[in-house]
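Each of the next two complexes has chain A plus one more chain, namely chain B in the first and chain C in the second.
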Partner chain A sequence: MGLVKMQKSLQDYTKSLFLEGILDSQFLQLQQLQDESNPDFVSQVVTLFFQDSDRILNDLSLSLDQQVVDFKKVDPHVHQLKGSSSSIGAQRVKNACVVFRNFCEQQNIEACHRWLQQVKQEYYLVKNRLETLFKLEQQIVASGGMIVAFEPGF
Partner chain B sequence: MNGSGGSCSSLMEVAYDDDHHHGHHDDELHVLAVDDNLIDRKLVEKLLKISSCKVTTAENGIRALEYLGLGDQNQHIDALTNNVMKVNLIITDYCMPGMTGFELLKKVKESSNLKEVPVVIVSSENIPTRVNKCLASGAQMFMQKPLKLADVEKLKCHLMNCRS
Partner chain C sequence: MEVCNCIEPQWPADELLMKYQYISDFFIAVAYFSIPLELIYFVKKSAVFPYRWVLVQFGAFIVLCGATHLINLWTFTTHSRTVALVMTTAKVLTAVVSCATALMLVHIIPDLLSVKTREMFLKNKAAELDREMGLIRTQEETGRHVRMLTHEIRSTLDRHTILKTTLVELGRTLALEECALWMPTRTGLELQLSYTLRHQHPVEYTVPIQLPVINQVFGTSRAVKISPNSPVARLRPVSGKYMLGEVVAVRVPLLHLSNFQINDWPELTTKRYALMVLMLPSDSARQWHVHELELVEVVADQVAVALSHAAILEESMRARDLLMEQNVALDLARREAETAIRARNDFLAVMNHEMRTPMHAIIALSSLLQETELTPEQRLMVETILKSSNLLATLMNDVLDLSRLEDGSLQLELGTFNLHTLFREVLNLIKPIAVVKKLPITLNLAPDLPEFVVGDEKRLTQIILNIVGNAVKFSKQGSIYVTALVTKSGTRAPDFFVVPTGSHFYLRVKVKDSGAGINPQDIPKLFTKFAQTQSLATRSSGGSGLGLAISKRFVNLMEGNIWIESDGLGKGCMAIFDVKLGISEQSNESKQSGIPKVPANPQHANFTGLKVLVMDENGVSRMVTKGLLVHLGCEVTTVSSSEECLQVVSHEHKVVFMDICLPGVENYQISLRIHEKFTKQRHQRPLLVALTGNTDKSTKDKCMSFGLDGVLLKPVSLDNMRDVLSDLLEHRVLYEAM
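Right after this comes the complex of A and B.
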């Protein structure tokens, strides 16, 4: 595939993530922080987010599976995940965390279990999409191309 | 970076990420950014560096106070205080385990050495009572998280105007 076509694919793919609400404008803010001196900034931060979130989701699953759920332990984890996802622009993960957190405050165990699944689902979705996005970028760079900043135009 | 935050270890360890690569010019703002969230620390550090600030990050209020020379009396931090390059601004998250950003703000404002240092509180939640109590306790500004480049520019302008 020619470079121009690859770059178009990347733009279209990125656009679809915004249209589906998977990413929000905060992701664009992240991209603005990336430059020639730091060309991997976005993927570095996102990778940190993945590592951190994998750990948090694991801890959350364990906490909710206890005989007696300690909500004082659960809340800080959700808070952190909500914060991180918001910071990288993972809108749907953030929104799911907000609902999840409300149920934690109400100590509604059943709803918490349901919403943890929802959070995980949204997380795996954005993880999958961003990994694809980074692969597309890598292909472009490997072919000698440059990553053009995404212009939302909407 | 481990989150134990317990033992009084060397302050030059991983608890701080100090920018040793660039010299500190007098017109460059030296910002101490405090946040328990690793991703947010990375972001605020980048935002500030891009905005030509020198940045030191701390993962909690206690570490921040230690860096500022307001640590536990039992710790011998006087030598370090002399080495620490003057902090011109503190940006702190509000919601942190242990010491909150609000508590950190109060400690800074209570200190004769540091009360003139502007403290900016950032939070994902723009709750009016929270905003008001921070401002009432001497916070320079209360800003919404996540911070954007435009926010940092605005903040710098505000501070420069206050300085002159």
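Right after this comes the complex of A and C.
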């Protein structure tokens, strides 16, 4: 694929992520922080996010599978996840966390289970999309092109 | 024998006569001798006798007379010459003394007589004084009785006791048979027998007030003798007593008091009187003495005074009771109001957080739902849900805004923006609806209107949107004109003077529509919360009625004024508002709206080498914050717990960013401990900034109370962080970056 085409598809892809609400302006902030002195900033942050979130989701599943669910332990995990996702701009994950947290406060176990699934779904979705995004970027870099900062234009 | 001068007895047979003479002379002598002795004896006995020397003289006279008579005894028979000599001497002496005495008595006897008269005089005087003493004593007794009576009367402030005591004491003092008090009834047309001393009286015994005897008594302030047969005195059962005692009546003025219902009376009298009737015992032939009448008059006056005091006291006690009741009621009301306010504040505090969270959840949910596969009906339903929840969120924000406005905690977010663009954008938002309703909107910007201004862009937009939106909402036809100009002179309200200060100006916006118009009477109500005019046209347009109220408050915050003029129903109306805006020095636009502070000076934009410490438990957000600060040129150290933070923090760090997401006081402790660590070198203490997701006043207050220098809302944008840092370093305190 031609470099220009690749860049265009990267732009379109990124745009779609924003339009679908998977990412929000916070992600743009992250991209702004990436410069010559910090070339891999975004990928570093995102990788860390994936690691953290995997661990948290694991812990959450374990906690919720207990006979007696200790909501006091569940809450900080969700809080963490919400914080992390909002820091990188994973909007839908964050929204799902908000709802999840609500049900946690109500101590509605069934709803919590359902929403944990929902959160996981959103997370895997954003993970998937971001990994695709990074692959596209790597391709462009490998072809010798530059990553142009994404202008939202709306 | 010598010739003697004695007379030879003519008849020697008169020896009997001689004997009798002899005996008489003897007794005379004895008497004459004993009289002075008696005199001396008694005078010695008596204490006072001023004429002793008279006595001596008299004594001498008597003695000599006696001696003469005694010596005479010897002269009956032949006697010697000695005897004759003695006799002669005695006689001579006697003569001398008796003449002297006679002469002296001429002087003495008048004196003695006058002593007698003086004695008489003194006796009379004594008798008179006795009489007067008796009188005075009686009067003094009376006076004492009056004083005691008065004391008794005045010692109580209870009306009944006063009257009862009066009657009792009067009865006792004057030894009356009966004593009665007639009080005027409420209507004032009759006198009712209220109190009697001894006899029981029927309860409702009244006499009409217009009797001549009563008028007579009421006409004078003196005690008046009345006939025992008059109706007011006919209290005792007629028991065949021969002679009824004298009766006296006196008026007792009842002083004016506010609780008398005067308006019930058919004729107004300036004074009300009670009648006191006093009766002497029958068959006693006693008469009313002047001093007794005076006593009665004095008592009547005292009673009047005592009664008025009692009434005043009653009045003031009643007033005091009323005040106490009112006090209690007010206190209760105040406490209820405080409870209500507290409840409202609690409610609002809860609403702020608790209601927003589920609201966001709903909106998030619905947006997520929209992204999934839906049938058209489902999509419609979801869109409706989204729309409704957005509306609800807006409403909540409105209400919360209003409460924050009233609270005083809302602050304008000042920033530089393009005024012209703002107007155009607002109109662009409204245009779709206006086009649908076929209402052309015309915008007219004055040529001298500055382009770049400093103010709260968001709120100004809200105001203009609200006003223009109202204009569109309430117009069915015609057109809408929006004019914006600069005003420097005074506005409509006379107490509001526009004073252009330096780089500020007043923006005036006029929105004229040709719609339904407003009744001039309703205009003041427009700006009150939740009030809507009742016409059917407006009912259907929905809205909470808060828009104008909120706009007004925003306008007031901007030191401006807002009002509406209308020529009446059906004639359209014009809404005008003035707000104070600053003129921006810069001609280039700011990058984004909502920048918290005007970028003051660019010197501090360079943070190279600035040492900062970031404390965050969340790895991802820690990394993001670090990246932000590194991008700005700072040297960043990161820690993930408060213990680490305390260990690592040093005077080299200029700012410490700490994440305070979890509620609870433990997070804030770190701030206190850092303060402790640097108590010795206060000037070297780094600035402490909290990063939090919570933006309300209580968080701010909490941070301030724990010694933090600033609060930042997560997630922080790059420009936000840049401005915040420059501000912090310049002013060493920051509390506006919300």
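Please note the rule applied: the second predicted complex is superposed on the first by the 154 of 154 C-alpha atoms of A that agree within 3 Å, B and C clash if a C-alpha of one lies under 4 Å from a C-alpha of the other, contacts with A are read in each partner's own complex, and residues count from 1 in each chain.
As a working rule, a residue touches a chain if its C-beta (ideal position, glycine included) is under 8 Å from a C-beta of that chain, and two chains touch if they have at least 3 such contacts.
Everything numeric here is computed off the predicted structure, so don't read it as measured data.
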item: Clash-or-fit label for the pair chain B, chain C on chain A; value: clash
item: Which partner reaches more residues of chain A (counting touched residues only), chain B or chain C; value: C
item: Touched partner set for A:E20, first chain B, second chain C, both or neither; value: second
item: Partner chain(s) touched by A:V45 [first = chain B, second = chain C, both, neither]; value: both
item: Partner chain in contact with A:N102 - chain B first, chain C second, else both or neither; value: second
item: Touched partner set for A:R92, first chain B, second chain C, both or neither; value: second
item: Contacts of A:E110 with chain B and chain C, given as first, second, both or neither; value: neither
item: Contact residues of chain A, present in both the chain B and the chain C interface; value: 26, 29-30, 32-33, 38, 41, 44-45, 48-49, 52, 76, 79-80, 83-84, 86-88
item: Chain A residues within the chain B interface of the complex; value: 26, 29-30, 32-33, 38, 41, 44-45, 48-49, 52, 76, 79-80, 82-84, 86-88
item: Residues of chain C defined as touching chain A within the complex; value: 357-358, 360-361, 364-365, 367-368, 371, 617-621, 623-624, 627-628, 630-631, 661-662, 693, 714-715, 717-718
item: Touching residues on chain A, where the partner in the complex is chain C; value: 20-21, 25-26, 29-30, 32-33, 35, 37-38, 41, 44-45, 48-49, 52, 76, 79-80, 83-84, 86-89, 92, 95-96, 98-99, 101-102, 122
item: Touch list for chain B against partner chain A, complex; value: 36-40, 42-43, 46-47, 50, 95, 97, 124, 145-146, 148-149
